[in-house]
Amino acid sequence: MIELRLLLESALITCFVSLAGFSLGIPLGLLVAVTRLKRLPVITSVLAVYVSFIRSLPLLLFIMLFYFGLPTLGIDLNPYVAGILALALNNAAFASEIWRGAIANFALDQIEAAKAYGMTEQQTFWRITLPQIWRASIPPITSEITLLVKASPAIGIIGIDDLTRRASTLAASNYEPVRMLTIATLFYVIIILAITQIGRMVDRRSQRQYELV
Amino acid sequence: MNLRFEVIWNQLPMFANGLWNTVWICVVGMLLSLMAGIILVLPLISRRRSLQLPAELFVDVGRAIPFLMLVYLVFYGLPSFGLVLDRWTTAIVCLVLYNTAYIAEILRSAWANIPRGQLEAGRAFGFTGMGLLRRITLPQIMIAAAPVLGNQLIQIIKDSAFLAIITVPELTHAARTVQANHFVPFESFIFAALMYWGLCLLIEAGIKQVEQVRAVYAKY
Amino acid sequence: MLNTEIDTDTIPAVHLLYLCKKFGRHEVLTDINLKVVPGETVCLLGPSGSGKSTLLRCINFLETSDFGEIFLHGTRVAYGRSAGKKGLTEAELAKLRTRVSMVFQHFNLWPHMTVLGNIVEAPIHVQKRPRAQVIAEAEALLLKVGLLDKRDVYPSRLSGGQKQRVAIARALAMKSDVILFDEPTSSLDPELVGEVLSVIKQLAEDGMTMIIATHEMDFAREVASRVVFLDGGRVLESGEPKAFFRRPTTERARQFLERYVR
């Protein structure tokens, strides 16, 4: 069935765009969080505004702003680049809040031990803090990734044939909306469940590694 | 570069109308999903597995479907079953269907985090069944969940932008219309974005207020 | 130049002169003078809040002293507030800290590293010593504290006493001049105290230089070469443990001992 192949293909586009989005967004969020905690005069406020603004901005509007709006300012992006960048910037704002909370709540004892043993601030962050907060942040980061996948249909508005857009165009052309949309919905459910399962697996494995269970 | 913000100024009524529609759709959607969520949380926290399972299935699947997909299912799918909803009804129905699962889950986790002793105290004083639920359990769930519910309202507002695609005249749709008519994409989108921002800052300020009130309860 | 004649053993490992520390307006340490020569085991005694922990933390630069001087092996490393932000950079402080290592009350082992990983972490990554050599030394230290079989286990699997023994091995691996113990047995279940104290006692017999804040009076009497009694942030008594426990000279110390010894 040709439609199934087309839907599967667009499901891969959804996966690819989401993967690219959070692969950029999660480290970027860490960078934002760390920079904000450094309390640099102007940069910290700029980042606080960025996070607050993005968190209240509908992704659909953000993507249109990126793709249709930026050319006014002389920045012309290809739809994939615009879509992935918008997803990444959106994801980074949310991820930065997760990282920031994790860093702020990190046990002072641990940092003191590192200090007492002569580690510099940077060594402490990379060798002691990050490996621990990374593992603690797996569940909230996983749920942030599923939210990203569910917000990704917004990229359809700039012409990327993701799963939702493909399903709706197929439905309009073959007059089988229920079948097309149901298949696409099933794909989403599978993708989201897969992500949650992978997240749980990674979480459990890291806990077992620490021998916490 | 030549920004024409005066176009936005002239189209202000259009934006104001869009903002108003966004606000009322979302508030109505929130209130209805809150009611539905309260009903759905009852089987979730019940001890009977036969009640729990279908509710859990609804919550898990409900949270795995993108909002826009749900909008398409209702708007383009339901007519095949002879059920044609107009855009406004579609909007409300989708918001409620989508958010009920989330809100039920928020309430359930608030319930799970209430110290057991407080509920036992209710039982010890002779509250049972509906009385316990209405007088002791639910008020505590609501107090515990209030800030998270506020965040969910922000989420609803952001999701409601997708309704522009089925031409519900809310804020994002207003911005699209203005940009299409006057070709001012940057100006109109950034203006709408700022309106969303202001709206969410307002809700966040409200959440802070609630948290302050709640801090009093937390101390008691 | 004349100093070359002096036997290096007589240069104190740690020497504090008029050390003062305030938290806000509250003076927690006042005019602390303390000389610890290599091979000495000094036990800091005193009621909770007497400043024992703060004193140790000043020696390790986890706290910045407000006045006075700190000498490590004859080198003046802190003078007045110089160990603070103005005087020494974070990197210089880090380097100084490797000359004194610390055993914490709550162990503060790094949970994401194995027992061996905890021990070799700072020698490899801070002191930049060759990995193979550090690992061999760490294994010898684990044997010494009786935990070689726990080499590849994560800290969450250890009992409190085992954790503290690993923490002691971690401190030893730094090959620092002095080891500071901040109430090493205070957070342990009573039945686990003995195994940790016997390890520390072994170190004392080996001639390790140590400063130990503790509430274990029997241990102090038996192991310390000197006890220092602190109260209200001041050194009230300092001397031979036998003499101190038999006949304390100050009223405060007498009261303290009455409460703590049996």
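As written, the chain order gives the labels A, B and C, with residue 1 at the start of each chain.
One rule holds in what follows: contacts are C-beta pairs under 8 Å (C-beta built on N, C-alpha and C of every residue); 3 or more make two chains touch, one makes a residue touch a chain.
Keep in mind that this is a model prediction, so the values were computed, not measured.
Each chain gets a centre from the mean of its Cα atoms; the one farthest from the centre of chain C is B.
Overall, the chain located most centrally, as judged by its C-alpha mean against the mean of all protein C-alpha atoms, is A.
Taking each chain's centre as the mean of its C-alpha atoms, chain A lies 46 Å from chain C. Our note on geometry: chain B versus chain C, Cα centroid distance of 56 Å, whole angstroms. Separating the CA-averaged centres of chain A and chain B is a span of 21 Å.
Contact with two or more other chains is made by no residue of chain C. For chain A in complex with chain C, the touching residues are 109-110, 112-121, 123, 127-128, 131-132, 135, 209-212. If you check the complex, the residues on chain A that touch chain B are 52-53, 55-62, 64-65, 68-74, 146, 149-154, 156-157, 164, 167-168, 171-172, 177-178, 181-182, 184-185, 188-189, 192-193. Against chain A, the residues of chain B that register as touching in their complex are 1, 3, 61, 63-69, 72-73, 76-77, 79-81, 154, 157-162, 164-165, 172, 175-176, 179, 184-187, 189-190, 192-193, 196-197, 199-201.
By the touch criterion given at the top, residues 60, 62, 90-91, 94-95, 97-98, 101-102, 104, 106, 108-112, 121-122, 125-127, 153-154, 156-157, 170, 174 of chain C touch chain A in their complex.
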